[in-house]
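In the two assemblies presented below, chain A is common to both, partnered first by chain B and then by chain C.
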Partner chain A sequence: MTPTHPPSGMARESASSFRHEVSGSSSTALGSPSTPPADAIVVTVNGQKVVVPRLMPDWTGKLAPTTMLQACAAAKVDVPFYCYHPRLPVAGNCRMCLVEYGTPVLGPDRHAVRGPDGELVINKSPRPAIACATPITSGMAIYTDTPGVKRMREGVLEFLLANHPLDCPICDKAGECRLQEYSVDYGESASRFVETKVHKPKQVDIGPRIVLDDERCILCTRCIRFTRDLVGDDALGIVNRGSYSTLTHYPGRPFDNNYSLNTVDLCPVGALTSKDFRFQMRVWFLKETKGVCTSCGTGCNILIGSRENRVLRYTPRDNGAVNGSWMCDTGRLNYKWIHRPDRIVKLGGSRLPAPAWPAALAAVASALRNAPPSSVAIVASARQTNEELYLLRKLAQRLGAVSDSVPRSGEPDRWLVSADRNPNSAGARLFGLAADPMGSNVPRFAQGIRTGSLKTLLVFGEDVTRCGLGADLLAKLETLIVSDVLPNPTTALAHHLLPGCAAVEKRGSFTNVHGRVQRVFAAIDPPGDARPEWEFLRDLVMALTGHAFPDTIEGLFNQMAGDVPALHGLEWAALGDAGLTVPMQSRTPDNEPR
Partner chain B sequence: MIVKRNPLNWAERLYLPAVWNGFKVTLRHFFRRKVTMQYPEERWVVPQAYRGAPYLVRDQNGNTKCVSCQLCEFVCPPKAISITPPGPDGPPADRRNAEKMPLEFKINMLRCIFCGLCEEVCPEEAIFLKRDYALVGTNRQEMVYARDKLLELGGTHQDHILKWERMEREAAAQEP
Partner chain C sequence: MPQEHRLILKHIDQSGYTPDFDCYARHGGYEVLKRVLALTTRNGPDGKPKSPQEQIREEVVVSGLRGRGGAGFSCGMKWALVDRKSGKPIYLICNADESEPGTFKDRQIIYKDPHQLLEGMVISGYANDVHLAYIYIRGEFVEGAQILERAIAEAKSHGYLGTNILGSNYDLEIHVHRGAGAYICGEETGLIESIEGKRAYPRIKPPYFPAVLGLYMCPTIVNNVETLCAVKHVVEMGGTAYASLGTPNNTGTRIVCLSGHVVRPGYYEIEVGEATLRDLIYDPAFGGGLRPGRRLKAVIPGGVSSKVFKAGEKVRIRLKQPDGREGEREIDVLDLPYDFTTLIAAGSMSGSGAIIVLDDSADIVAVLANISEFFAHESCGQCTPCREGSLWMAKALRRMTRGEGRAEDAAYLMHIADNIPGGRTICAFGEACSWPVQSMVSKFKDEFVAKGKADQARQSKEAA
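Take a look at the complex of A and B:
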């Protein structure tokens, strides 16, 4: 089973992204090996000379001797592998990356012998070596396209497939399975195995979020290394021997840490599958949109897998500066609310003039225009994008309004989960919408409503009844304008209710706790009347100020970058997939640089 | 090009020989075996390899063969097939070790072009182009055949391999 258009996410840790990572260094292909830099080595890959650094970062980021695999990647030569992962310790057990190599012949003077053509004379090693764990030496020649290497790959694949159940039709990994891909690319066309396969446990419940199928496991130990060496939860291991080797969790100890679902992405085959995504959709149907996780201030880069306007899964997207190749299970599974049946999909509020956006916005604009200065307050949300916060800032300036947003905090862990559970607290501070400390203005709003000096309140994406502005206070307001995604006590009291969007339904940018500005793209269309907040905020700000604002997110971002000193020099296009870091004005303990 | 037309002679101008020749042809066919069928009372029995409507089949043990791998949905050129996979909480499959079967399987027979790619791509031999060629319905909705209807129309397929049953037997034999 080999779909012709596999989704791009499967190549997450494969040669393409990996190559990008290692070739970002100073490696260049040179015609002449005459003068390599002192800290560089010249090697030959399939006859092509490449200069690679003597030391390259290993999985921890520390410098280690460059391996043959890294040299091949620098030469843009694909070498297949299962157990190797650029962000995991090297195990070297799958043998898929076996290559042939040779070293220069040394003369009696211990210097490399050169042939009549001036090239080094190579003594080819009688044995192959695994490219992922063998350091290169000066003048080494690596061969990946010889008949011997082809036979070795076929042999390794034949061993791996000997006991593989070949149940691709019911395997969730089908379509992004390395065993499928390499079988097509490097395997033999037919099986010679006529014996009975070894059967192992299937559908094993090893944790609250993971199902294990031991027959599919190729024993690469990526999951074991990940949970032991990166998470620090030594939960998995292999028992028994030979073809009876079985991956399992320790008895009585479920595999339930908050990063367990990363092993599903890591697993090169379908041994570990997600209970949440199990049998939901075949991966080749998923449209993958680049986004950012909005469950906490870390802003892990994600791919949003969706089909027919339905979000089906989040998977981490590689970004060495933010989340590596990982994300936490909490953030990964925090998407189901997007499709809640009770979402606000219609314009509403007790003073809705007509169920259409132009009329609703005109009513809001006239209510705000008639409001005397300093009688307006804005509760922004640190879950909004930078563009929306920028427009809200413009609105606050025009109205002379006081503003604040609501802090959200939780227990941080030592890795990716931030104590700040808002995805854009940094943005709220950057645009001056949040008080210092965040949320300290809200009691003043309550006081203002009580004394009658505060008559108009704009609330974006927050339930203010939970932070000191109770229903009795909101009832005293002359005008309550609310925009939200899900219904809550505040939206129930709104005079003007404007349906907003989830982060996966709009474009924009978020600033994480370390000041990294990252873009998000719309994966699905907003339901019903709902519109991206920046669109109607732009219309509102234009109606109130009379200034024109760009009607594209690119234009708006670029104008914002020119307008806000902290973002000077940024451009929408220049943010790229990885984002850019801006200097933070104030440092909280949580946004200390790592 | 100029076509030269000879003037008709008197016998030809009489028309009677031509009329007689026409009657001769009619009379010859009158006594031949009839090839016209009284459709729809009489139906043409199509050859075994005819590519008619695609239906789902059950194996001889009455199990739904489809495992909702969605390859037919992927390959279908006019996008006539739409499958709802069972999801994590779906009902159990007929064969326990096959783990899943479709929650819903719809073929829009108005879209179907009877190309047979679904049958060709199916790794489970669960969908076959049967010999039905005259599909009728009184509205568009009726022409979207759902899973149960497709299974009923498809009937039983004699499966000589029964791989899931074989795998279950093998696994049971290896139990310690």
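Take a look at the complex of A and C:
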């Protein structure tokens, strides 16, 4: 079973669903103690008592006075919001979260007065407050279900819809649009508006990856705050005033920073759409699967949006310990290759006995079984999963093979993008497959081939012709076993070619540069003959060692975690959606905490 | 008969009175500042030593001075709320954005007696340990800004401003910051954003109370031009003497701007609450009545954002009776004393001190359309109810003035206006744009309904 969940912007953004915010305990967790702990406050939400910490993390993660919205979330009471986002500075401009509230009446002794029933006597404030920005105080009573609050929400929605175009049928955001959702939940059916709507620019090309429709924009400033306050690129802003206010980008400069597409996720309406994804698929048809981006060592958590075995988009999945709610554009758009027409979908190689896995694996096993010790080398890929690397390690041990992987690096940015462009260098090191430094064994492999001591080479997911093992050298090998996804000069020379999988086609785990072990799940089926590498590696290792290995990822992971001390006995189930961090033995500039 | 009581305007418009330093000095200028800088620590009645700064602040508290910018908030209280423990600098900002339609008092001071404002600012700055102050002046006052710059240079060259003022070791710089023509820059937190070089989007409160997190997130005092001038007179006279002017809770003098359909529009400085609206409109010393043959239709008592009073309207309020006892009384709105508290009790406000008089020649739909057009144009657009509501109301009224009214437009306008104020918006502009609609449409409902019906009748005749 592949865990999937329906597309739901709401679930992703509620004040309580965020990791750094779940420290807020509800009364259900704490009961309703008559004396709350010193660092907690008792408030009521619609009459229900809830104990919340006095301080809770703000958008930076720093402790700040707990807000009404956080208290409502702790009480499991929904408060609608547009401009608020738990990971953005608070703007307080949409006014959707307005609530009514009261504070305890103080007696002459400055102590709260209690009524005959022992409850606090509340003095209701004549003015409402925005839940997203108003701190709670002891004894505060918050009301979210009064006729007054209902009227205010209806009013805000009516105002937002007054100048909103009737675009839903042609809008790409339909299905995950907050304006649609709240109009159904909190709005009135008929609008009174009979004036001409304000017209604003539509289909504005604000950058290489994003199209803006200003008529749909509700001016919540989420996108502005994101790029200004988080990315540090003050690229978006509002021009004109009042109802003519128009979101735009800095004149003459495209909005093109490497995080720009996060604004599409943030946009509560269909004002910002991704050129890559727009009109590809109605979001309600999308299956969403939890995964991890494999384009660099950060391992941003993602949701893989797919339909009928096609990946249509990646969106970031919230993980406060890794990527917040964000991911970079490079990683987000790096999925097209999965569906390249030249994908290796067939078993191959010049010595393929028959076009079927059992025969292919038997041939590989027999080639390996006959290889004398120290005549075999393995190039593992730091793009493989922990489980695959673990099995490769077993194979290396059985064959007495030397191994290494190929480093891949680039410019780090000051935020998420790691200099390490492999998703699992940590795993390759952890399982002892990579040399130190990574790649330093490869010249020795070249030497071995040249001198004839190295006769058999296994290559996983790397084109070794680009790192010193040229075609002339590979031609000297007695046996070249290659597993890959896309064709390259190395796969072309393989005696045995085993089609593998993209990360989105299999289950397993990756270890990021900070030692965080994170799970991925299969969003789509592998094409043609392609099989998850761990599956056929398991078959191979069992055939060669005679030892049994679990046939599920859970089992394999748990065995691996028991076997490899560095994994500290982790358990697959315990990894959860957010993963767990294992201490890293060595510090590289990459895994230095930032 | 109430008379003008010119304290701030004392020299303004006197023949030969010029805005330069020498003239100000000849008329006793900067004498109060000299006295202030000579103050020493003294023991208060409670035996505790009080610094000169504390002494001035106390005088301001005792004076009962209320802000003249619009909200009428106690100046002494505002200063007392300043966070003095943060270790951050404290800024003083003079709000010279004067943009509320009908208001033209601050510009009299700026253009004709700028040194009075500077003296008030240095005193206020000294009292609050401020070393950097700003005058935020509306962009349209081009010459006003030049006059202020000149006055600042003069004051500096005479040692009344800059470093080590009059040898006291006290330093104060004043910068003139010109706005670019937006009403919302007068809202104090919008103003602060504007000085910081951003769009004048008012800030949410909490957490951004200027007294704690103001300019550059430092404690900040924002006071109106007239308020800061009044501080000079408070210190000059002493708080108690100042408080004896006007009426309790409504102390001192304030400048009233009278405009519209009166014979003598202009600015008049009165003791707060010592004249009624009727006095101000009809007394020959003030408005001098309406034009011949005209009847009063309405009075907007405190700038266009205040709720209108309809001629003949009666309000029940608690008032001091002639015999000195307080009691609830029904009175004609024209007999309301022009002050802060009574006008609020009567359902409106004295706001910026701008009284706009409308006689029976005024078409109330057109008046409201004009006012709403202003607010639709000036809404900063940050928060939903005001951004969308202000233009919606203006469009409806524009439609009505085009002759396309509907009988239900009165209710329609009220529905829109009712969804804007009362804390639904980030700043008080929400009230400012909806109060005129609420009050005019409800008090002149007949006219709105009649206009709508007539338009519909005509349209259906034309269609037939």
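One rule holds in what follows: the second predicted complex is superposed on the first by the 564 of 594 C-alpha atoms of A that agree within 3 Å, B and C clash if a C-alpha of one lies under 4 Å from a C-alpha of the other, contacts with A are read in each partner's own complex, and residues count from 1 in each chain.
Following the convention adopted for this analysis, a contact is a pair of C-beta atoms (placed from the backbone, for glycine too) under 8 Å apart; a residue touches a chain by one contact, two chains touch by 3 or more.
Computed from a predicted model, the values in this text were never measured in an experiment.
By the document's definition of touching, of the two partners only chain B reaches A:284; chain C does not.
Using the contact criterion defined above for the overlaid structures, shared-chain residue A:402 touches neither chain B nor chain C, since it reaches no partner. In the superposition on chain A, A:275 contacts chain B only, with no contact to chain C. In the superposition on chain A, contact is made by A:94 with chain C only, not with chain B. Taking chain A as the reference, the larger set of touched residues comes from C, when chain B and chain C are compared. Once the two complexes are laid over each other on the shared chain, residue contacts for A:174 go to chain B alone; chain C is not touched. Residue contacts after overlaying the shared chain place A:133 against chain C, while chain B stays out of touching range. In the superposed model, A:446 lies in contact with neither chain B nor chain C. After overlaying the two complexes on the shared chain, residue contacts for A:198 are found with chain B and with chain C alike. By the touch criterion stated above, A:165 is placed in contact with chain B alone, chain C being left untouched. Once the two complexes are overlaid on chain A, the chain A residues touched by chain B in the first and by chain C in the second are 196, 198. On the side of chain C, the complex with chain A involves touching residues 182, 199, 204, 206-207, 376-385, 387-392, 395-396, 399, 412, 415-416, 419, 422-426.
Taken in their complex, chain B has these residues touching chain A: 67-71, 73-74, 85-88, 90, 97-100, 123-124, 167, 170-171, 174. Across the complex, chain A meets chain B through its residues 1, 3, 165, 168-170, 174, 196-199, 202-203, 275-282, 284-285. Of all the residues in chain A, the ones that touch chain C in their complex are 90-96, 98, 126-130, 133-135, 151-152, 155-156, 158-160, 162-163, 192-196, 198, 218-219, 237-238, 240-245.
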